[in-house]
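Order as written gives the chain letters A, B, C, D and E; numbering starts at 1 within each chain.
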Amino acid sequence: MDEISADSFNIRDYLRLELFPHFLCPGCGHGIALRALLWAIHELGIDKNDLAIVSGIGCSGRTGAYIDANTFHVTHGRPLAFATGLALARPDLEVVVITGDGDCLAIGGNHLIHACRRNLNLTCMMLNNEVYGMTGGQASPTTSATRYTTTTQSGSIEPVFDACALAAAAGAGFVGREVTIQTPALKNLLRDAIAHKGFSFVEVLSDCTEIFGRKNDLGESPEMIMTQKSTMRPASYGVVGGNIVDEPFRATNLKTGILTRTDRPEYGAAYRAHAAGIRAARKS
Amino acid sequence: MNISSGEPQAPRAVKASSARPMTGNEAFARGAWEAGVKVGAAYPGTPSTEIMENLATYPASDLTAQWSTNEKVACDVAIGASFAGVRALTAMKHVGLNVASDALMSMTYIGANGGFVLIVCDDPGIHSSQNEQDSRYYSRLAMVPTLEPSDAQEALDYTKLAFDLSERFESPIMVRGTTRLCHTRSLVRVGERREDAPKGFVENPDRNVMMPSNARASHPRLLERERNFEEFLNDSNLIRWEPGDTKVGVISLSTPYTYVKEVIPEASVLKLGCSYPLPSQIIRDFAASVERLFVVEELEPLVENEVRAMGLTIDGKKFFPRVGELSPELVREGFVAAGVLEPEDEQPGFDVTDTPRPPVMCAGCPHISSYLSLRALDARVMGDIGCYTLAAVHPLRSIDTCVAMGSSIGNAIGLAKAGGERRPIVATIGDSTMLHSGIPALIDAVYNDVDITVILLDNQITAMTGGQNHAATGKTLRGDRVHRIDFVDLIKAIGVKWVRRVDSYDLSAMLKTFREATEYQGVAVVISDRPCVLDPVKIRGERMEVDAASCVACQACMNLGCPAIMWSDEWYDGHHKVRIDPDGCIGCSLCAQVCPTNSILAISN
Amino acid sequence: MENFEIRFGGSGGQGLQLSARLLADALIREGRKVARSQSYEPTSRGGLSRADLVVAAKRIDYPLITALDVLVLLDQLPVAVSMPLLRPGALVIADARRAGEIPEGDHDLHLLPLSESALALGNERATNIVALGVLAGLGEVCEHDTLETVIRDGVPPRFLDLNLRAFAKGVELGEAGGPGR
Amino acid sequence: MDMAQKVSAETAPGTTPGATPDTTNVLIVGVGGQGVIMVSRVMARIGQLQGFDVKQSEVHGMAKRGGVVFSHVRFGPTVWSPTIPRGKADILLALEWAEGLRWLNYLKKGSGTFIADTRHIVPPFACLDRTRGAKLGYLAEPPGVVLDQVADGYALDATALASALGNHRVSNTVLLGTLSVVIGFAPEIWQKAIAEMVPPRTVEVNLKAFEAGRRWAAAARENPESAREHTLRKPAVLPELEARDFELRITPEWCKGCDICVKMCPERCLSLNALNIVELTEPDRCTGCRICEWLCPDFAIDVIKTLPETASR
Amino acid sequence: MPSQSTARDLQGNQACALGAVAAGCRFYAGYPITPSSEIAETMSVEMPRAGGVFVQMEDEIASLGAVLGASMGGAKAMTATSGPGFSLKQEHIGYGAGAEIPCVIVNVMRGGPSTGLPTRPSQGDIMQSRWGTHGDHSVIVLAPASVPEIFSETIRAFALSERLRLPVIVLYDEVIGHLVETVEIPAPGTVEVADRKWATGAAESFQPYAVTDDLVPPMARPGDGYRTHTTGLTHLESGFPTQEPECVERITRRISGKLVHHRELIESYEAAGCEDAEIVVCAIGISARAARRAVNAARAQGIKAGLFRPITLWPFPESAFKSATASARTIIVAELNAGQLVLEIERLCGGARQVESIARVDGEPIEPAEIEAKIRELSSHG
């Protein structure tokens, strides 16, 4: 009869209320993801004074400003680079990167793979809405084939990244994917991602109703977020490479939940230990 | 008439050793078989379904037993067999007779060649129906002699007798059952089958072709037949006078007769084995023999009114309810109210609480996702007859109307034609129901160019009545493989331009397809495509379990109404977390699809 | 020589930079200012290599060589590019075996068996130290003792003996003068 | 009214008024899928094998599985009504605990025998109330409370006994074993009837189950108290939560009218008003489940939950 | 611990790294590129020893990104690169300028454009170092001409960067970078380590970009409770973006005003023999070294020649230049490019003086003789 309660989480404690209402379009999944992130922060008991949010450019990047923490809205594609410096210089801070599919995978793709490889204690939340929303709806590295955007007016023909597979292949210690409609699951995933010592990559399937959904006849926000969920299949929570719910009933494609969790040496700690060894050797 | 001795007696002299326990429905079938029936046709309907199912257990060399598309077709099939000079049976539930009545109304004019018996089963108490109509009104409407057995032995005997009477009076004969009779098992003495040589078709256009001139000539014959039949009853065992205390005389029939015998065994009883026509002279004599006259009959006061019309003084519905099923308790209460019996001492009841256990959809029922989606679409939903009618209540609460078999599409057409409805108009109809009477309505929808969506809930079986085959299952009543109707082809042939199949276990595909269908201007048909979890093949996916650690007790999964999902003893935020009964779960994964925490996972390892 | 410019020229891997560094170190110990520069090319082994020192008593204005006072050649490769930089009368020390073809000119050429001496000592790689010894033996660039000190301080202990013997051999060659002009 | 007098005079304790006194009424109840019909057919067959007239009545409800299932079995020299009047059952055999309680008032108050499996099958509707701190709708009294009220009572964990035999589904036959001890008749007759009624490949386990039920009943008769102690399942005690209040607070200036909350609300409590701003239009239905709060991208909905002032927390 | 300074033979790039360590730099992020790599190599050794962090990033963009990130976290941070990498860093230099993040960027110049001459010296980034990133922005560029000066100017770069909250670029050519000269290394702890002004007082009323007397707002250190917002968007005193013209102008003017306000602190130069000079040679880096010898040679020949060497290249020490060239008739600008510094000199002279350019673009340093010849050619004696 364990009574767990969500009572203590009041999102307003984590928001810069004077900036509201926020600038996101109606039904934008980024807002839901933001809630999940702050909820996870709350559950982990992270003091917002010790929380650093580094975000890139785009709709995703703008969300950081609404968080009442140390927020850094940096250059396009580079939040992981900034965060790397910040986290190495300030291991006492909890550094979370908010980025988008274009920010993270296109212009910032190089930083992503190296951040994964380096395995520094960072959490990267990539809000994937399949489109460059802020610039008016151009195709991104995750825009599915046949989708219409302002730069794929006859339907996209480019293959897409599976960002999670990319991150895992690049060596990220923790990789997960979740949809916004599963807010508590997303919260749990982010919570585990932040708690994970090492580089954590979380892809959030967000929806861009106004610019992308309309153009592709994907329905309004409620339907979009529901569709996202149903095209996913959950990996067994907490089990690495766990089984998935689909046979014999579901035709699905991407997995959700924790996809990879390995304990590789965390770069920051490894570096500090290495440096301490060097200093000790010099003294003796 | 049979006048019994003054002693209270069992309605039979059945020796247990020589008898076998049978339900009323089994006995109906046995009676028909013993009578040498050659052709049986029916459409399933509780409580009549098992009659044809049992008939089909007799050798195929003896008889044909089949499911027909609907009750009217079944009735026509039987009529055709009668034309051919063989004995024919059709069976249906009370509302099925509404469908078949059109044929019956003419058949009664034509009369039987081979014996023609129609068993109709009423449902007093509405255990599984949409109304409580009393079929005995049809007896009078169609002027069809109607026998009323009171137990399984009589069900057998009367059915057998009905065939003889049918041929003797050249009339269809109706045998009426009730839910209680149909589903009560009692000891039955059985006999052998008689085999008659087929009489063959009798060419007699004046009688067989119901056109106005012939029909006009036939009507007087009906009146004559009514008189003849009443005369027959005077010498028949169907009417039994059981003398007793002359202070109280009770006329009763069907199962209520057994309640009377149970509750007031001392009374004089006139047991009617036939409710139409009534033996008026015997009734007068009986009335004269007793001080107070009662009639105990279920549902409408048909006998009561006719007795009263004879100028006799009689009490019936004044003391015995007109609504619902009778019982020994109610019969006793009636006689207490009439001052015949003394009230029993009021015994204090046991002090315990009641746990409600209303009917629910099965775990993994493929209908669930359709209604969840319709609810999300905020559609105006015209329902139909089937298990899915349960979607009208908590938690799905997504059916707005349910009228009668096959009505949904017509209702939707009317709703659309009336204008003013801002929500998408949807008709939901099962596969069997669609074939039963949905097709003409669908043709109507196409013909009249209406903007509606039809969700064909194709669970590939007639589920509600216990899993009967139909024309789109590709199997007959006896299990033989036959052509399977392809719904998509059929619907396209009707002229529906927008037809799509969708996996009932893919919620978002459902939602998306439904949305597209409702946005389509014109008739759109979506076929929800998963078999019933009970029949004919039991499907099992990986069973699901709840990860209690991550469950946040939102209970979103409870919206499915899945009986395998219930509260656990753990709490979150003031709400119960949930758990899944592993024995109940079939692994449809719908709950996992609605779970906002990814807490519902397959037990796969 | 108070202010002078010197080049060690050869091919990559001959230890020219070490020679230059040791010499610079020694000169600094003697109170002079030194600017050291080197060829900076993608190739590190086998290609043209040079190490230049600009030495001055006081501040060095321009740190690159403009006119060489001393040129040490351990290979033929730098010969062509370095000869035009020679100041008239410059001292040129060349390995007789590997840099034997020195054009005629206004310079003081000492063609010496530098690498052969190193080979005789057991390791050709000590040729650079032999060359340093020659500079010490000739006595015009740097004091013998200072150089020996920086060698003792600046080379790994396990090579010290070899290097000291190479240095001594070089001094011997330098003092002997060798075939000059 | 002589007759009425006469009838009333026959109303004596221990007899069925108006009915043939030696009719035995057995009411068998349970939940769909448990095998109520099988048990009742065995019982009817036993009656027949004893040379009695028998009636066995059941009604198929709408629910094929998980619904209420009951079957009346009556046997004796002559049986009229197929149904057992309320308060006239000699034996109430319940395959599920709450079902036993539902039909308890059909049992003869002073003389009836109550046999029940203590197994709980919680119906989904018992979980219908999703309001905060709602109690499970399954509120069956513990066995002690019931056994104290009946003349003769047996509460056993037949499902556990059956599971011990390797097939929890034969719990109904375990109960038949117990019933056989109560009713009498030779065990061989029971075994014959059971063997006739169950699927051929389950005959063996069913006969074992029957024996297990008999053994349990014999032991219970010998030592009723210990049997009671032994078999009584822990009563389903439900945790009492402090009744907390909650409020749905909408910040209209933040709402952008995306419709997510309206569509995703399980209870359909919300709607968009003429200005496309969300409103709580069905406050009574709201359960405080927070789904709207979670899914609002604009943070325009907060579910505020408050403890009563008296609460310590 | 030695309390005396020690003389060390150092390569320019090494001196740069050691200067950074002495200045308190505790974070270095870089990407290998010729001819700056020795800085990274040295930092990879020095940072762990000093308790700092060295990280080799995936590219130059990431390097400066990491440096900015570390600086936002409160660390003194540096990166070093050369031409192509410097081009990549331009966006982040703009970010540092706009968001006012202290950082030091070293550019060891090589021949260009593009991959150009990786191992050959150049001074072709004079203009890029000032104008490289888009939009109006304020940076300081320091141009040391010797190894000891690299050491000291790197220290000064940190001091300026920290005090004024802006990126400071240390700019020198490949020759200086690879030159080995003797540097007096001050005893540890004797170099004054400048630190930025940290936020104090109530968090509620704190304005991260408030207009202060010295135009440099105090910076909030993450974790100290201020929870400020930092953005590359043009922002208000509160840190949050604005497009209000009045506010945009106010903010932009304050940032550029920092350089004017602190001109004396920033400006540094060498003027040798300029008091009576008819001809002043103006140059930086290796060109200035050649110029010095040429000027000395000219003086020896009786030509009134002087040297003006801006050590703070940007903002250009205008007034010092003007006073140094008060008597000059001719200014010779010697540089290893097609003529960049000369543009600034021409602008400053405004046509009042003869401005001559020695612009060498063959990948070789300018030799003293080349300048000396020019001086002679232009002298009144010639």
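The rule is simple: contacts are C-beta pairs under 8 Å (C-beta built on N, C-alpha and C of every residue); 3 or more make two chains touch, one makes a residue touch a chain.
Worth saying up front: this structure is predicted, and the values here are computed from it rather than measured.
**Student:** On the document's contact criterion, could you list the chains that touch subunit B and likewise touch subunit E?
**Tutor:** Neighbours common to subunit B and subunit E are A.
**Student:** So, comparing C-alpha centroids, which chain is the farthest one from subunit E?
**Tutor:** B
**Student:** From the centre of subunit A, which other chain's Cα mean sits the farthest off?
**Tutor:** Most remote chain from subunit A, centroid-wise, comes out as C.
**Student:** Nearest chain to the global Cα centroid?
**Tutor:** Given all protein C-alpha atoms shown, the central chain works out to be A.
**Student:** Mind checking the centre-to-centre distance between subunit D and subunit E? Centres are C-alpha means, answer in whole Å.
**Tutor:** That gives a centre separation of 86 Å.
**Student:** Return the distance between the CA-based centres of subunit C and subunit E, expressed in whole Å.
**Tutor:** It comes to 37 Å between the two C-alpha centres.
**Student:** Please compute the C-alpha centroid of subunit B, do the same for subunit C, then give the distance between them in whole Å.
**Tutor:** For subunit B versus subunit C, the centre distance works out to 116 Å.
**Student:** At what distance in angstrom does the C-alpha mean of subunit C lie from that of subunit A?
**Tutor:** Chain centroid spacing, subunit A to subunit C, equals 61 Å.
**Student:** Can you tell me which residues of subunit B touch two or more of the remaining chains?
**Tutor:** Correct list: 376, 552, 554, 569, 571, 573-574, 596.
**Student:** Send over the residues of subunit C in touch with two or more other chains.
**Tutor:** Residues: none.
**Student:** I need the residues of subunit A touching at least two other chains; which ones are they?
**Tutor:** 1, 3, 5-7, 181, 183-184, 222-223
**Student:** Which pairs of chains touch one another in this structure?
**Tutor:** Here the touching pairs of chains are A-B, A-D, A-E, B-D, C-E.
**Student:** Which bits of subunit B are touching subunit D when the two form their complex?
**Tutor:** Residues 9-10, 14, 16-17, 19, 21, 46-47, 127-128, 151, 179-180, 183-187, 245, 247-248, 255, 258-259, 261-267, 327-329, 332, 339-342, 344-345, 347-360, 362-363, 375-376, 378, 387, 390, 394-395, 463-464, 466, 534, 552, 554-556, 558-559, 561-563, 565-567, 569, 571, 573-576, 578, 584, 596 of subunit B touch subunit D in their complex.
**Student:** Can you list the subunit D residues touching subunit A in their complex?
**Tutor:** 239, 241, 253-254, 256-260, 262-264, 290, 294-300, 302, 305
**Student:** Which stretch or stretches of subunit E touch subunit A in the complex?
**Tutor:** Residues 26-27, 29, 47-49, 51, 53, 55, 57-59, 61-75, 77, 91-92, 95, 220, 222-233, 240-241 of subunit E touch subunit A in their complex.
**Student:** Touching subunit D in the complex: which residues of subunit A?
**Tutor:** 1, 3, 5-7, 10-12, 15, 20-22, 24-32, 35-36, 180-181, 183-184, 209, 220-223, 225
**Student:** Within the complex, which stretch of subunit C touches subunit E?
**Tutor:** Per the stated touch rule, the residues are 21, 24-25, 28, 33-38, 40-42, 60-64, 66.
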